[in-house]
């Protein structure tokens, strides 16, 4: 037991090194681990897949409410969901409640659009695309990035009142009035009621909770992609029925990638994630064994 | 291609500078930290504040001919937006020690609108649905496990609410014991939160090493 | 003066707060209040942008003071200012390009963003007249202006083409944004993984039953969230009688859905009650800390 007491006084930089190696080695020498989708992720996938809930051509609002710090967790889910939407011929309209969210949306859109277009022929041959899917998708017609607007809940309220007013231009300065993606067949001005689904990729405050707060006004189905830290809190919204589905952190991204049969960064991250979790659990166990050993030594000294 | 190469190398250098903090605080880390703060503030000011918000939502609506694009350039100017523009400029009086009170009008306006929205939406979308969620049948016919789970949910919600009532001491056979049960539930929840937090932090680290090993060193695909 | 400095702001808070609350309940019965309810949020969005401007100038002021006083670490403040001014300048000019939109000239070389969204590649404009989709015809060239072999002409939106100088400015901005900003922010947050591990090793001690519950729940969630949890479940399945029920992922789901969710609900209910009471205190002027100190 004395070895645990010696381990307790280990310099923390050795702990850092173990953690680093527990991530680097599985990345360099990967091996596949099974990924089983959970109910929350499966529900979201099912909703997007459902042609009755979201017919082809439905516009969906995706809010990128995270910054580069949370990109490793949220970008893989965002890309997977965008690819799925493109394959279902749905039209994502991207916005952001976080300042750098517009840039996060741009990166995810470019990656998803390239992934969709490069696999178009294969997917079409396998019959996995919606009938109306095109080989080339275009900005302003099939997707758009509207960028960031201030206000969080105030901004969502403004969207519920008049969707186009806060967005006279997209993120690149192009006028939204002329964009085909906002045109309605009856010539009506695009409104929140035309959005089929709201998804927020949330790293903290100002994300999906702003849309939940305004649910009484927009009455649109909502889903979330959240960081792992927020999973316990957002599970309550799932249970209360305010969210129809959710991808939680990198494992959630891996599950969605498995469902759309396109393994990406999510699936690749599962192996180092598993090993790192085991290492941290071992650290906790060793730390407690050291504590028990110390207590026993002290009891022996007293007795 | 050259820009991508330079960007990757700059990114790798900045990443390694930040990682040196794990050894101890040092000039490389502090250089990276200060450069990051400066670049982010410059980005927030120019690209975010001006180009994504002020220009389209204020300037393009007051002077559409100069700042708007497409058909929006022919729209009628909305001069009423000069009022929020002026209110926003009043915020800059914070820099003056004698006249900083002028910014209070803007703060008061923002706080009034925000708290007014918060009062109604919190009750409608948080308080009521969460209470409704806890009202579930304790006996589900034919499903013993479902009944047990619902009982756990109801007991948990009530006991945790008992715990959070600090106006009276957590003593006595009823209050004391129910609050103790609440603590157990909170510990389970905090354990789950801790597990989720560890997962989140490790995911961020995986992202960093992915960048270094894949994008920079090309050791992995 | 007291009226102007303290009382008037409280009146403004009260009036605007009550407008938002009354508008929620009035529906279409009070159209003037309803129209204010839709106007005020639009104004707030513009006002809140100035707070970012305030923050940026405040940062500049503090660091310039540090440099002028040659305070400890003033060299780092200089790095901050240089980063700030470079990014602000590049951001202003690259974002202003659509305002100076000129028709592209036939035969001239311009630059468009590559698929990686960072680098730019040269193109030559063949026909600058827009087709019915608003695009122009271009061909891809190399850095010397020679047409690239095995590439066909393409139709692109004209506003995606940049002049050489603007393309350089874009590239520099990408180097600072992607290279410095994104990587620095990501790395600083990823450092937390190391500190979580170190804290777990040094400070996470099971000194009571409650701490044991916390650790047990943490272990189940950590295992259940990752793929290795299913391998552990397969091993546990060999235990007689209870083995088949020990699916870590299912147990984790149950913990998240029932006991953890119950506690989170209670926390949320308590927080919302506090949020509502704090909001009412601000609206009625009982709470005045948001107005700042004396003066």
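We call the chains A, B and C, going by the order they appear; numbering starts again at 1 in every chain.
Following the convention adopted for this analysis, contacts are C-beta pairs under 8 Å (C-beta built on N, C-alpha and C of every residue); 3 or more make two chains touch, one makes a residue touch a chain.
Here the structure is a predicted model, which means the values were calculated and not measured.
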Of all other chains, the one whose Cα centre sits farthest from chain B: A
Highest C-beta pair count, chain pair: B-C
For chain A paired with chain C, centre-to-centre distance based on mean C-alpha positions, whole Å: 13
Cα-centroid distance, chain B relative to chain C, in whole angstrom: 8
Averaged-CA centre spacing for the pair chain B and chain A, given as whole angstrom: 15
Two or more partner chains touched - positions in chain A: 16, 19-20, 69-72, 99-100, 149-150, 154, 157, 166, 173-174, 228, 231-232, 236, 239, 248-249, 251, 273, 276-277, 280
Junction residues of chain C - those touching two or more other chains: 41-42, 44-46, 48-49, 52, 95, 98-99, 177, 181-183, 185-186, 188-190, 193-194, 196, 200, 215, 219, 222, 225-226, 256-257, 260-261, 264-265, 268
Touching two or more other chains - residues of chain B: 22, 43-44, 48, 51, 53, 55, 57, 69, 113-114, 117-118, 122, 126, 130, 133, 189, 192-193, 196-199, 202, 204-205, 207-208
Residues of chain B defined as touching chain C within the complex: 1-4, 6-12, 14-15, 18-19, 21-22, 30-51, 53-55, 57-58, 66-67, 69, 81, 83-85, 87-89, 91-92, 94-95, 100-101, 104-120, 122-123, 126-127, 130-131, 133-134, 149, 152-157, 160-161, 163-164, 182-199, 201-202, 204-205, 207-208, 211
Residues of chain A that touch chain B when the two form their complex: 13, 16, 19-20, 23-24, 27-28, 30, 69-73, 99-100, 102, 147-150, 153-154, 157, 166-169, 171, 173-175, 177-178, 212-216, 227-232, 236, 239-242, 248-251, 265, 268-269, 272-273, 276-277, 280
Chain C residues touching chain A - in the complex, by the definition given at the top: 37-38, 41-42, 44-46, 48-49, 52, 95, 97-99, 115, 117, 157, 159, 177, 181-183, 185-186, 188-190, 193-194, 196-198, 200-206, 215, 219, 222-223, 225-231, 249, 253, 256-257, 260-261, 264-265, 268
Of chain A, residues touching chain C in the complex: 8, 10, 12, 15-16, 18-20, 33-36, 38-39, 67-72, 99-100, 103, 106-107, 110, 114, 139, 149-151, 154-155, 157-158, 161-162, 165-166, 172-174, 228, 231-233, 235-236, 239, 248-249, 251, 254, 270-271, 273-281, 283-284, 286-288, 291
Residues of chain B that touch chain A when the two form their complex: 22-23, 43-44, 48, 51-53, 55-57, 60-61, 68-73, 113-114, 117-118, 121-122, 124-126, 129-130, 132-133, 189, 192-193, 196-200, 202-210, 213, 219-220
